[in-house]
Amino acid sequence: MAKKVITFGEIMLRLAPEGYYRFVQANSFGATYGGGEANVAVSLANYGMDAAFVTKLPKHEIGQAAVNELRKYGVDTKDIARGGDRVGIYFLEKGASQRPSKVIYDRAHSAISEASPEDFDWAKIFEGADWFHFTGITPALNDTVAGICLEACKKAKELGLTVSCDLNYRNKLWSKAKAGEVMGELCKYVDVCIANEEDASDVFGIKAANTDVTTGTVNHEGYKDVAKQLADRFGFTKVAITLRESLSANDNNWSAMLYDGTDYYFSKKYKMHIVDRVGGGDSFGGGLIYACLNGYDAQSTIEFAVAASCLKHSIEGDMNMVSVDEVTKLAGGDGSGRVQR
Amino acid sequence: MAKKVITFGEIMLRLAPEGYYRFVQANSFGATYGGGEANVAVSLANYGMDAAFVTKLPKHEIGQAAVNELRKYGVDTKDIARGGDRVGIYFLEKGASQRPSKVIYDRAHSAISEASPEDFDWAKIFEGADWFHFTGITPALNDTVAGICLEACKKAKELGLTVSCDLNYRNKLWSKAKAGEVMGELCKYVDVCIANEEDASDVFGIKAANTDVTTGTVNHEGYKDVAKQLADRFGFTKVAITLRESLSANDNNWSAMLYDGTDYYFSKKYKMHIVDRVGGGDSFGGGLIYACLNGYDAQSTIEFAVAASCLKHSIEGDMNMVSVDEVTKLAGGDGSGRVQR
Amino acid sequence: MAKKVITFGEIMLRLAPEGYYRFVQANSFGATYGGGEANVAVSLANYGMDAAFVTKLPKHEIGQAAVNELRKYGVDTKDIARGGDRVGIYFLEKGASQRPSKVIYDRAHSAISEASPEDFDWAKIFEGADWFHFTGITPALNDTVAGICLEACKKAKELGLTVSCDLNYRNKLWSKAKAGEVMGELCKYVDVCIANEEDASDVFGIKAANTDVTTGTVNHEGYKDVAKQLADRFGFTKVAITLRESLSANDNNWSAMLYDGTDYYFSKKYKMHIVDRVGGGDSFGGGLIYACLNGYDAQSTIEFAVAASCLKHSIEGDMNMVSVDEVTKLAGGDGSGRVQR
Amino acid sequence: MAKKVITFGEIMLRLAPEGYYRFVQANSFGATYGGGEANVAVSLANYGMDAAFVTKLPKHEIGQAAVNELRKYGVDTKDIARGGDRVGIYFLEKGASQRPSKVIYDRAHSAISEASPEDFDWAKIFEGADWFHFTGITPALNDTVAGICLEACKKAKELGLTVSCDLNYRNKLWSKAKAGEVMGELCKYVDVCIANEEDASDVFGIKAANTDVTTGTVNHEGYKDVAKQLADRFGFTKVAITLRESLSANDNNWSAMLYDGTDYYFSKKYKMHIVDRVGGGDSFGGGLIYACLNGYDAQSTIEFAVAASCLKHSIEGDMNMVSVDEVTKLAGGDGSGRVQR
Amino acid sequence: MAKKVITFGEIMLRLAPEGYYRFVQANSFGATYGGGEANVAVSLANYGMDAAFVTKLPKHEIGQAAVNELRKYGVDTKDIARGGDRVGIYFLEKGASQRPSKVIYDRAHSAISEASPEDFDWAKIFEGADWFHFTGITPALNDTVAGICLEACKKAKELGLTVSCDLNYRNKLWSKAKAGEVMGELCKYVDVCIANEEDASDVFGIKAANTDVTTGTVNHEGYKDVAKQLADRFGFTKVAITLRESLSANDNNWSAMLYDGTDYYFSKKYKMHIVDRVGGGDSFGGGLIYACLNGYDAQSTIEFAVAASCLKHSIEGDMNMVSVDEVTKLAGGDGSGRVQR
Amino acid sequence: MAKKVITFGEIMLRLAPEGYYRFVQANSFGATYGGGEANVAVSLANYGMDAAFVTKLPKHEIGQAAVNELRKYGVDTKDIARGGDRVGIYFLEKGASQRPSKVIYDRAHSAISEASPEDFDWAKIFEGADWFHFTGITPALNDTVAGICLEACKKAKELGLTVSCDLNYRNKLWSKAKAGEVMGELCKYVDVCIANEEDASDVFGIKAANTDVTTGTVNHEGYKDVAKQLADRFGFTKVAITLRESLSANDNNWSAMLYDGTDYYFSKKYKMHIVDRVGGGDSFGGGLIYACLNGYDAQSTIEFAVAASCLKHSIEGDMNMVSVDEVTKLAGGDGSGRVQR
């Protein structure tokens, strides 16, 4: 029977001009839905896991459409609270070559950001569950939501779930100081920590030495040091760090490292030609959780997670639409892109 | 030289599923911009008038796109204040046959609704202007905006502009009691009042006898009585009432009446097959102001305004895209729809 | 707690040229999914019922996409057998004015048509269920599927479920003689029979006197007679007959009659301007089952079912996307199509 | 073996905003090809006739695309001269309700309008042919093309082909006086004359008494008189007049009359809900030629031609995409638009 | 006068999600047509050759649309047998970066796969023809079609046509053993053999030493050996082998080798950024046949064929849409992609 | 207060198949507007400059749409003369990989090419202006337009404006000899000369030694020599030369050099992955003029101009849609394309 994972956070309506059009050229927006934890839930459901997403959404049709998108991919939505006025929105303009992608957030006052603790009965939500996942975006919404998140973490630990957190720092939502304070408290309950090459520094002031993300040079020793500091400070059993080298809006290199408290495991590095970069980190989280819950060894775990997120970069939308077979095949070495008839 | 008209209000991003798709079926939204007073400004600019629209919009690209849409059609946007966080949004699902169109508003916290009186220098804005127009939607946003609106009305009267107001009651924005109170104060400065078949009742409790808008029966005597009551109470020099008979979401009859304080002028009635019903009332306002500013007699005025708004119902989007020639030709009798080569 | 309905049949990939393009003009096909019983399940799920759809679908992505479409709207898909080679396809060209819609079936050899009895464990499928629904299309696929259908009917009756059947005769799938024979056997287990103005004649040779469907004249007395004959022959507790008057591909009149073994209840008649006619009968079935399961009286039942299917004609795709509120509002009299803000 | 028809004229690139968008709202144009005589050729090819279209088109890809569109539907294009600079263009804005369709021509300097007599070897082109068709648009291009047309008519008569002409007056191309002069000479070689309700008056000053095309009243006696005058003046063996009643841009009534020198045959009248009105007259011509070449009697001929063109109004683009079966079925009485499965 | 080429095989409806969408994300499919031999025919017609395609297609509109697509590009379709029930379908999901393209076949029971020998009169079909081409896909359909293919080969040789075959092994259609047996018999009649880097091994067990297609290393000596073995075993006068190095789904290197029984000619190698990879091999075949029939020397032949197929990779759809001039220009050295004004 | 720039030339309707479709595959064309000088005006308006574009356009809706596109982006259009028959058109097929982009011009007889000197009152147009810009395309239209251009240059110099010219040689519009003669006269009035790597040679026979544009090798010394020769011959105060290395239709390297009469300043070189190459040179001109008018030093000027045009290559359409901030950020070093949230 499939393991059960609960994720909690915000799902937003994503409005993106078609192709490479700029915002001021757009006469229509592609409408999809996404958000850090929702994306992880969809990844897991696509791997055949029993994945649930918890949030609050308005009762109107735009809220319902967000629910439907999750249901479509098999995510359990029965614990989504319904109420509030709006679905958070983000506008996404896809970058190309030297022109970066651009995001305009219009997420204030969303239903989840105005939720109250009574909207969620964590004991009931966690029944039969094995894993709880959230990202740093959720507590960043405001103190109430941070409180709900903390309550969930405590209950999850109490009930014996593994807890994972993707630090995911967003400077438009809170300051580094505030993030450090709130996340520091939450991380006490976290077992598995996920971060990208900047999060540890932004949130906890832990820096990887000698790395300049804009030039694409990555220093393996520096990352090891960061992972160890994180694990030591919060007692994480696992720390996974993604390593993105941004060559242009179209071309990125992508790899990651997993630290299990003892050893450091580096994945293969993929040279990616990007279709849609949003959700890349979330798909890594989804892959990592899948591998952990299915007993992969450390090297296989990080290879699965990186291959999963590499594939995500070739897929439109926030959500990763790949099967375990597809990830396994790539992780096992066939990145030649030959037609599969 | 063209007469100059200033309009003031909110312009929103309109997000509408393609064709007749329901919200829950939509994978993209057509993105256009519209709002009561902005629609009037575009109508007038398309007639060759010097039309300006005043509002507040964020500096980001979505705000800029709203400005650009207005500029595209020749509306003067130089007095639009820039700042705030969001462009108000409304989602529109187009109805068909027995299924009504549906609007979901997501307009709270828009830049204009959070504007302050300092954002607008009415003396400067009204320089060289002949006419000021607003609708009941604008003061409904909140007390601050209502105050700005009142200030504009006072300054407009002081500078000798004609002031027009479309009552345009929206029950999602304020109560009837509140509307009556605020609009009652504003109407003291209004010369030309525009209303649909329900507004006078909703805002001021003035009812047209023996009319049931859902069954499509219209009582001419009742409307005369409403217009006279409105003019008598507020001293309007003109009262125009639009008469919509809704047969289905596709088929409406459309006509109007103008009261000039002395006589009542009824227009022809058009049997319309609707392409897009939103902005129908605004296009009527635009036609009415054009006719008034260009010295049309009362019967010609109401025929021009109704023909203009009849044509609007055949056009996608909130804004009326017709020329004086096209309106004149329809008002003059050719509604046969024969191809113009 | 919501009542549970099981439906069984085929869901096909529907490929339709955009708008009114003919097949030979099409450069792309809109891709949706539909089928008589699947459409009923979606209708019911949209009303908040616990609706499950049972079929067989290939494991590949086209099969998965059909599953996803059902899940999106909340239909329980856990008892769909997976296997076989293909999803049945039908090509749909939308008609207009005097040009009729055209369907090309490419459904032979679909997974469900090659299913075997072992694919379905009816005792398990029917656990906790209240109602079983199928249409005449399903047994028409072939003898094996007819046998599965018969087994389901027997088990349903054994377990105390109400069984409904929409006769839905398709002359491309079987002869009238064969249909009469197979359906005659199945109808022994049916409680509620649904038919259109031609089915009773095609399947059982029971004719409504004095009715010419192409000219749009309907003879009430004739339909009463047909319903009574059907009920008398098979012991149906309810017989519902839809009455379509086809004026053109765009314009149809739509009403229905319900016979409860004692009295005949005629609904209002709607003059519809059609967006998409496919699935009109299925939405009637969905409405009827909802009303029956929720204790509506006979007149309210037929009004709900007809209003539901009237709304379906304004919606793209096979499936009805309406809420109980929307249907109730139309059944209660507001067909004016005024904008709902 | 299928009869062979040669048509001669211009084929243009048609650029039309999607749906009901106005020109100033368009961000893309649907690109199709059409022209009076090309449309007739496609109609005939779709009926299984051996139809050829003769014109001149540039060698570049836009010219080639026009050739390809004709080949796609089976029209013989081997006698199309290649050369010149441009394909004529017309921009089409589709009307709705009271807003008429609008055409902007950009056809000057097209390859055919700059063709010379040497481009066409009529003796070779007419080998094995039975019928030659042109419209009044072709000689209207300029004197050189009118001369080529005259040469073709003479050669056609010499070789025993039947010659048909659709008067098709276009006031943007020439004056009535000039049209009368040139067409008067060409009509000496014409056997079958096609006209709409205004052409006879515009070109030859022959008027139908008591008819107002904008109000939709048609006077049968007047048309009889016009047909007889035309036949008497030019010796036409057949005169066909189409009778359009334009109620709105969406709704037209459509019928026609055939005069065979002895009797007058009126067709059924169709109430059409229009998808695309352009090419309606050409599809009538195509139907008429088909019926004549296949030995239909006079009443069947006019019914076939009117049913064919009625169906055209339900089809996007200039060209009629219907089969003989479809036309025959409509002419025979089934205009109910019921789905054909 | 252009040389005449006959090709025989299956043409399928290709249904592909827009852009890089995955199957489960698709709401529409682009609808084009293609198949190995049809693609060759279109290539040749675009070069101005007299190319005919022979197959069997249903009489309905989907079958007709396939015919029309071929006619559009000037392919002679008069010997296509009409009948049967379905057009074979393949679903194509375009890959990107590390995600490979994916094909789902739904081609069983197509009209051509159910054709009988009586459907084709090869003596008549080959009248005036110079060349006959087929691929290994056609005999793979089933024994009957393989028999028809054999009959065609025999008749072609008897009438003095050159026969070419692209081995094109498809493991979903038949086993390697079966392929070897059937193709071994057919190859006795073949003059020109085309293969990719895997076909010779799959079909005849002839391997190129030291080559790993997934890593992109190509061993020239190995290919020479394979070509020689093929020529020696079957007496081919020419063997052409395409050499694809798959770096990712977006980036491939592409070159080829021609063996004329004496010498080995290697083409330039192109680094391609791929728009659509399907039909790449067929466009090579088309180029090769063109060059052979037009007297190119061996080096020019292989350069033309490779340049032609390089260009195909930049074109949407199965079919190559390039002119002789375009191919010649690329083969001659200008691959800079500068704008041609 | 923003500096004012006047540009003069032609704006055309650009019709481009979607994505990478070839002309013969296109069923619709994206419709945008562009032209050398109009593109510069839009660039400048997007930088907040007061930019006006002068041309002649027909009064009809296609002409109006061109005006609207300019107004949308804030370009002053009040001095556009209205009249004439047509808007010039160019068809654009986007290239990919080894397949070059292709342009088919259909611009003859456009309104501006048939304009007369009386259409433009240069003294009035230049009121308050600081800079006048034109390209070699404008005088190439014909002698009358060349005369208007000369008149404008003289008046601009007389009024103290800076005059810039982009040589922009188009061999389809005039011969090299004619270009040299006309441009030689105009260049007497030019202060700032812009050229690409071929213009100086084509127009004035001035060659850069040792450069082969198709192979992508650029010789810095050669360009210096060309710039010096140009400045010496015509007395330009600045000469800017763009250096494009075309690797494929998708990949270009892009840099430029500025000569200020004393020193040579080379910009960084960008490796671009191209979205839309058209207007690349114009965006360079826009950047250059902006930098000059805002007091940038020579190195900053050329870096700004090249960064601006580098970004243009990532944007659909002729016109550059970037802000000063975006250009400055890229010029300052961040070309990593990381998402901007």
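Chains here go by letter, A, B, C, D, E and F, matching the order in which they are written, and residues are numbered from 1 within each.
Methods note: a residue touches a chain if its C-beta (ideal position, glycine included) is under 8 Å from a C-beta of that chain, and two chains touch if they have at least 3 such contacts.
Computed from a prediction, not measured in an experiment: that's the story for all the values here.
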Steps needed, at minimum, to get from subunit B to subunit E via touching chains? 2
Strictly by the touch rule at the top, which chains does subunit B share as contacts with subunit C? A, D
At what distance in angstrom does the C-alpha mean of subunit B lie from that of subunit A? 45
Among the residues of subunit D, which ones contact at least 2 other chains? 19, 22, 24, 27, 68, 73, 102
For this structure, enumerate the chain pairs that meet the touch criterion. A-B, A-C, A-E, A-F, B-C, B-D, B-F, C-D, C-E, D-E, D-F, E-F
Can you list the residues on subunit D that touch subunit B in the complex? 19-22, 24-25, 95-103, 105, 170-172, 213-216, 246-251, 277-278
So, in the complex, the side of subunit F touching subunit A is made of residues 19, 73, 270-275, 307, 310-311, 313-317, 321-322, 326, 330, 333-341
Interfacial residue positions of subunit A with respect to subunit C in the complex: 68-69, 71-74
Please output the residues of subunit B touching subunit A within their complex, sorted ascending. 15, 18, 22-24, 26-32, 60-62, 64-65, 68, 85-86, 89, 91, 93, 102, 104, 106, 108-109
